[in-house]
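Letters A, B and C name the chains as they come in the text, with residue numbers starting at 1 for each one.
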Amino acid sequence: MRNRRKKFGSVLSNIYSYLVYLFLYLPIFVVLLFSFNTSKRNIVFEGFTFEWYLRLPDNDSLLNAYGNTLFVGCISTVIATVIGTLASYGMSKYKFKGKGIIDILLYIPVVIPEIVLGISLLAIFNLSNVPMGLTSLIIAHATFSIPFVVFTVNARLAGFDRSVEEAAMDLGAGRLKTFFTVTLPIIMPGVISGAFLAFTLSVDDIIISFFTTGPGSNTFPLKVMELTKTGVTPDVYALTTIVFIVTVAVTFLSQRDKKKPVKG
Amino acid sequence: MEERRAIVEIKNVNKIFGENHVVHDLDLTIYEGEFLTMLGPSGCGKTTILRMIGGFEEPSGGQILVEGERVEEKEPFERNVNTVFQSYALFPHMDIFNNVAYGLKMKKVKKEEISRRVKEMLALVQLNGFEKRYPSQLSGGQKQRVAIARALINRPKVLLLDEPLGALDLKLRKEMQLELKNLQKKLGITFVYVTHDQEEALAMSDRIAVMNQGYLDQLDTPEKVYEKPVTRFVADFIGESNIFEATMSEITGNTASIGLEVGYALGLAEEGVTYAPSEMVYACVRPEKVLFSQETIEGFNIKGVVREQIYVGNIIKSNVIIANGQTVKISRLDIDEVPKVGERINLYWNSDDVVIMKSRGYQIRSVIENASLGGN
Amino acid sequence: MKKNYKARNKTIPLLTTVSPVAVWLILLVAAPLLYVLFLSFLSTDGYNVVFRFTFDNYKNLINPTYMEIYANSFLIAFFTTLICILAGYPFAYHMALAGKKKKAVMMVMLMVPFWTNSLIRLNGWKTILGKTGFVNTLLLNLEMIHEPVEILYTRGAVLLGMVYTLIPYMILPLFASIDKLDRSLLEASNDLGANKVKTFLHVTLPLTFAGIFSGSIMIFIPSLGYFFVSDIMGGGKSQLIGNLIETQFKAANNWPLGASLSMMLIFLILIMVTVYKKSGGNMEDLGVM
């Protein structure tokens, strides 16, 4: 009896989690499906075609937008990762005046609605004559990414045994040498996941980009937003499908690599 | 012996986790009012047995009866047994009063009675006035007392304790052992206590169940378990022992002559036990029972050289190497005569100080065990 | 040991590590927000900001049209949060109790949809919910309805879009808090006579409250501002505070009014976060993603 009741419960909760996944994946399946649709309007599925995939290389504005997204993503990730890692390291190691203020400033971009950060950046860029375009996008993206990098590296540093640094110094390594040969390799997983998070946030960002972009520098999400008014075309879905498959493949491979025993 | 009432009966219970057979064909009867300890190394199945009595695991086969009633189907909250968890498992979001009162609240006991009984319970574990504190504000020993009070307030028929003193330092552990024992005597409740610490088991228990790889090797009083271990594992695990591989050669009356790998000795043949000619046995002698002499002793021929001596407080331990390379341990109080390092001596003992154990059963079982584990 | 040694200089390492972030945050977080605060007290000539001090922008926040939008926005934010808690909790619970391998798989499966832009996924929903979409077709074929019903461009559709975009932000902190929960506490509660339901109410729920709270903040706040969800799913019919701000900065070009709206939001968030911190919440939990 008790066993059967437990089994029933676990079957039920499994079914429930499948439903949640269905909810999350359903629109993605629709997108995948409609990237093969002969109709230009994504309302009903009329027939199967590869046309949109074949036409993709000629679609300059779409590819350009995607290129911008990747460019902004890469550069802002590098900036955020360097600044964020240094900050996390310095703030966890040293005590200084104003640390509390930096802490609060770090939480602000995380807690306030993106739209408020977006309009404030727009306002300050406008005031200080920062050219609106890729530059402003990169600065804006780095701004909202830095705190996430700091938090991720903090989590890694929390479990970091400071005595290995002392050991390195004891063995004759200077401060810089210690950082690059001992500290950085140890906190690297945190740095990498921080960078990964920053990149994901940047590539996905809609609202802040919406306010901080300039004429001629569309990102992919902004292009989609623009198209949403008139109707998103299947070529966008085709590009999305390709990106989706690539990311899933990369994820799958990296997960599989993780399972291999680490030497050493 | 007086008639004792069984309170927990475990009948032919097995527990299998995936491919691990954790408990093998266990039969065990626990009596009302006794302090029973399940003793064994980690992974021997002792905690699993406790968890099956508590209702957190279900047996893969067999029956568990509490007060004559089968309980395998019952949820933990339907059983009249309570558990003191290894990590205390105090509710961090409740103060001590609410932690201790939890069980009574679940039973919808009246408020006045709850506060009266909580007060009583806290007095019993010497934590009067701690009602408003939170678990995080208590020391390990205090948390331990709260965990005991929280379980006992429900007036369980059986209290299950899963290595309750494991997290405490040595001194505190000794104090709590005494306190727990006294508490058990005072309340007359059955305690089933799990530990891997043989000293703790010997000090507290009425009976000890020694577990080995899922099997119950021996169930007896502390004295018996120490003096008359029935398997090599028990002899090895509890206290220090010298174990010799031997063959039975001749039995006259109750004195057995046994052949060792090098030399021979005398031992006590258990009454009613028959041995095949030249049957393989283990002879086990405690270090404090090993005697030594310059002269040869009638019936014995074990020669050795004293290699080293260690002083442990008021006890002197001597290691003697015998011809096959085996080390024989001798321990003496520092006021007694001890051999000198480098001295050649003859070893012997009183024949009733040696325990002769049949080796076959154990060997066969460990062969099966090894086979099922893939030969490890 | 040396007798006279210099106090070792920590200024240089401190400056190299901390000053970049300090400068960046002051210039790009503190300054912009202060500037917006300043803007909210300025006037406009209908096109440009005029440097004339006024409280009018704040006074203008109170008018019946806006009130309706606030109410709508809060209603949607509230129900988004509520639905995310109710739907997310059982899922997070199931995930936390799963085996190590299953847990990892479930986590990755939860993250994968994130890598497709939410605008695209919301457009997928549009196809599903439209007049000729799957849902209407299904209902028509089952003869539960006789003509297509308007599902898209309703408040319900906006709510669905919000829940869809934001539910992982609830599941993750919930999972973290349930996963952290010591299982022996649940066993202890069971042992002391509480059944599954009582154990949940007295032990699990209070101990995972922090996860619920941080998840709620991570959902409630963004859902006030996600104007694009309302644009796509509501077709502009169900306005949010986010839409209102967006309009001031883009179409209407009334920056001071937009600034005062933003200040109102910040004030609101300040209250929520203060309550969160007072009740023992950890700020870094709001940044787990």
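Methods note: a contact is a pair of C-beta atoms (placed from the backbone, for glycine too) under 8 Å apart; a residue touches a chain by one contact, two chains touch by 3 or more.
Not measured: the values here are computed from a predicted model.
This structure's chain pair with the greatest number of C-beta contacts is A-C. Note: the chain lying farthest from chain A is B, by mean C-alpha position. Once the centre of each chain is set as its mean CA position, chain A and chain B turn out to be 56 Å apart.
Spacing of chain A relative to chain C, judged by their CA centroids, is 16 angstrom. Across the assembly, chain A contributes no residue in contact with two or more other chains.
The set of chain B residues touching two or more other chains comprises 75.
Contacts from chain A toward chain C in the complex involve residues 13-14, 16-17, 20-21, 23-31, 34, 42-44, 82-84, 86-87, 89-91, 93-94, 96, 98, 102-103, 105-117, 119-124, 127, 139-140, 142-143, 146-148, 150-151, 154-155, 175, 197, 200, 203-204, 206-207, 210-211, 220-221, 224-225, 228, 232, 236-237, 240, 243-244, 247-248, 251, 255.
Of all residues in chain C, only 10, 13-14, 16-18, 20-22, 24-26, 28-33, 35-36, 39, 87, 90-91, 93-95, 104, 106, 108-110, 112-128, 130, 132-134, 164, 167, 217, 221-222, 224-228, 231-232, 242, 245-246, 249, 255, 258-259, 262, 265-266, 269, 273, 283-284, 286-289 touch chain A in the complex they form. On chain C, the positions that touch chain B within their shared complex are 182, 184-185, 187-195, 198, 202-203, 206-207. Remark: chain B residues 54-56, 75-77, 82-83, 85-87, 89-93, 102-103, 106-107, 150-151, 154 touch chain C in the complex.
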